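The chains carry the letters A, B, C, D, E, F, G and H, assigned in the order they are written, with residues numbered from 1 in each.
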């Protein structure tokens, strides 16, 4: 059952979206509340699975020059098992099961095209039940965000938990 | 020109992958170096665009029940401009320009299917130059990571910067 | 051999299209004939397979939030057997064998996307001979009718049966 | 906000699925309750949009020999308006807006192939904004149902309304 | 309204399938009837549109080295007009309006690939409303027949017309 | 090695295109030559495989209401054998091996849609090595010719053979 | 009208396939004929358009890291003009007009993916009449040859020209 | 590690692009340097894999009338092995492994369509692991070049090697 998020929660999320390591004291000062309250709220959001803090590395700057999304068709009656096997590969940073033309959408980061080819033939196609894979190589990434405001309808003012 | 990453950089990245708010003192203790050195290294990685710290919110737990990837075909000679307009929509959390069947792959989070339909008709298709859009609704997300180890070849031992 | 439908039959069908439980006496009054005649005609239409009366439930209002049409490609020489097996699943409310890209079009109602995923992997893909399935999730239903007027050419005035 | 359905509601729905004109007294006898209670319950289900009673005509027996599903691609920013125009045609008995390859799925009943061709060229393609249409002619209809049991999770025993 | 064909008609058709210029006297002798009766029957079949006699030329032997089927997508609301314009080209020997991926299937005979290219660019694509054309060049023709036996159900013995 | 066709040959072909049973004497009169010469020329064209005379039956008028082209994908290394097996079916009136999306294009005439479905499941899909079939049902036939003029380049005036 | 190639021509072609700058004296010694004869023959093959000598540069070794084949759909009635415009771009090293799904197949060499993206948006899509382009990025080149033996049937021994 | 190319290298490449057998003395005269220097530079470019000299034969003029590109889908985990087997066929002049709809793009030259059909069924489809092949027959070749200027960024003036 999802947490109910109030106005304070949303302000905290908004602050941390910009800088995931912003000190709680700074957020507290901004919002004119006590740092302890911020800490308590953040803990509640983390415990409820609403929020997590991650370090994001930049593919190009860490030596990964080829990124791609791969649409995969696989044996339908073993979809979840096949998904887990593909997800276990180091090159895979994202895997969604989808409705539509493909069974999976798999995002990968590779050092270069030769690495991508090795990944496809030696790893992805080596998973039993993978039947077809269409690879969309990225030419440019225009937007990438990690957090966003909860929709208005889920934030009911006045029901702050503490 | 990408930074050269040494063994220390890679250990720091590995520690922060798991917890983006891990105190530098804790990392320092783990690695038996001074917290100041960790702070210096992290600063260098951030300045070099290698690393950033973000808060990640969970779509389902914040009231977003429909996620989808949308493959978009658009007027080719205005690709970058169209990409920027689509990227500006709040529902869009990821947009890559790709080689292959589609010009863009656009990831969106919506409150529900009705919201997705409104997004498609009122926003995405409203952008001049968008011609066709194929929507792949997510049935499950099996993997999602934000940071990964730099490939071995870029980490040259013994050339630590400080 | 199809029944010949006259003007009276068509008026009765038109009345019942709007309300499947309309009392025969009300229809009779509207048409200035005896209720017995209406009853007799309706019986003849039902016996001839022209008309049936059904209760229709509303998916959303009964807890089904995900409807989809699934295009299925299957082993051709066992089409009818495979069709029967798929049709036996509770989630399936419509199945047509078609000419074109797919062998079957299958309409399903599911509680939510997770249910749809379970249906696909555990049931549909579990049927031997199912090879590929493309799922079109409904974003909105704009029209749905159950009865319509017979085409003019089949209704020959003056040949009323009783 | 959907009605909560209890065990009694589900039994009534199950009875009417089989015969939409079954007298309430017969259902009441079957369930050992008063006919008035059945009437009251059915009224509540109808008022809540859960249930409706319709007459269903059989296409083949009423002179319609060609049924088809048409996948339509249309101008995205006018989807809903175009959908309404198509839905207004007499031949159209079902229209859903979908995610995936097509914008709409449109089910039609026609007297014969020549009628279908006239429908396509004179009506469907005549709607401004319709760009492409792929027609899947039915070779056989294997299953078609109109009502189904609400999922277990929405039926909470003991919270009967009256 | 189609003619009713009896056993005699079918024998005559079978004889002429093999040799369209077979003398009526030879058919009459084979069937032990009078030549006049054969002539009468053939006339009736021709007048009824059941049978025609044609000379068939062999593409390869008359200098046509490239045959192809072209799937055409065209503006839907002018389908029949566009079909007529395409049908008027000399290279076109067959044109059917179809349900499915294409609006038309067009069979052409060309002298060589260069002729086919000229036909496509200067003629087919020159027709206003033609939007896309996919060309399937023939590598071999394995079967081609012009006449076949009427299905058993339409041949009712004993109802011979004369 | 193809025959060389001269002006006379082409006039004869043109005359017979319109009526495959036109008496040689009539053609001779039209062209102011002797009937014997026409007979000789026609014989040479038939012997050379340039010309044949066939009776063509009309599908609709002989009880065949469903015509379709079927694009077939089959096991590539047995293409010719599979083609021969499919060509042997009575319903098949044309079969070409093609370059492009499909391996074969197969034209069939069936009594009705139910017959087409039986043909697909019991015959076509029953051939070992047939993998996929996409069926394009004809809505209308706009043009169908059997003979056409040889291209100018193959007709060299002055080299008449007799 | 193509040259007739004899056994000597074919031996010369075979020798030059391996090394396009092989001295004529070396070929002559190998074949035990005079260098003048080799020179004469090569001149005749060059004049007849059978043979040309080119320097081939290696994309990767000259700084081109992204090669791709692009399938292009374009306005049909201007195909040849559009082809000429695309062929004029520096990045294009090969352009064929084809039958099938695409109108053109265009091979390009680019410095990197960013260059490819600029080529697509600023050049290819800037050509009026280009409608759609699907890009297939090369992951590896396994074979590439420039000359091959003439087929046996065109080489008639004993008809050497000099 | 690629060679660094200077202005002199690029001038030499430009000269040889036009005529692969141009004498080094002629290039030297043009550039006002010694023939020995040209010879040395060319040798270095050849040794470094930057440049090769080939004889190119013209398909049409050597009796090859059917050229095609074939998109092949094959068993993914054996891609490289399958690629090598296909590349070994004489008809294959180019084979690239690609990202996208097909696993390979294979260019072939055949004597005629019948030869292409034999190649497909007896050779290509005979390779174990080849699953699907789509053939695009060439109607015209508009551009074909073999060498091109290195991109500006790789040519650094003043770092000539000798």
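Please note the rule applied: a contact is a pair of C-beta atoms (placed from the backbone, for glycine too) under 8 Å apart; a residue touches a chain by one contact, two chains touch by 3 or more.
Small disclaimer: the values here were computed from a predicted structure and weren't measured.
Student: Of the pairs C-D and A-H, which shows more C-beta pairs in contact?
Tutor: By number of C-beta pairs in contact, C-D is the larger.
Student: Using residue numbers, check each pair in B-G, C-D or F-G against E-G and return the one sharing over half of the contact pairs.
Tutor: B-G
Student: Using mean C-alpha positions as chain centres, tell me how far chain B is from chain C in Å, no decimals.
Tutor: 47
Student: In whole angstrom, how far does the Cα centroid of chain A sit from the Cα centroid of chain E?
Tutor: It comes to 60 Å between the two C-alpha centres.
Student: Multi-chain contacts only, two chains or more: what residues does chain H have there?
Tutor: Each of 68, 80, 97, 99-101, 113, 116-117, 120, 134-140 in chain H touches at least two other chains.
Student: On the basis of the stated criterion, which chains touch which? Give every pair.
Tutor: A-B, A-C, A-D, A-G, A-H, B-C, B-D, B-G, B-H, C-D, C-E, C-F, D-E, D-F, E-F, E-G, E-H, F-G, F-H, G-H
Student: Quick one: which bits of chain E touch chain C in the complex? Just the residue numbers, please.
Tutor: 99-101
Student: Contact residues on chain H for chain F in the complex?
Tutor: Per the stated touch rule, the residues are 68, 113, 116-117, 120-122, 124-126, 130, 132-137.
Student: In their shared complex, at which residues does chain F touch chain E?
Tutor: Those in contact with chain E are residues 2-3, 5, 13, 16-17, 19-21, 48-58, 60-64, 67-69, 80, 83-84, 87, 90, 92-102, 104-105, 109, 111, 134-151, 153-154.
Student: Any idea which chain B residues touch chain G in the complex?
Tutor: Residues 73, 75-80, 97, 99-101.
Student: Mind listing the chain A positions that touch chain G in their complex?
Tutor: Touch list, chain A to chain G: 113-114, 116-117, 120, 137-140.
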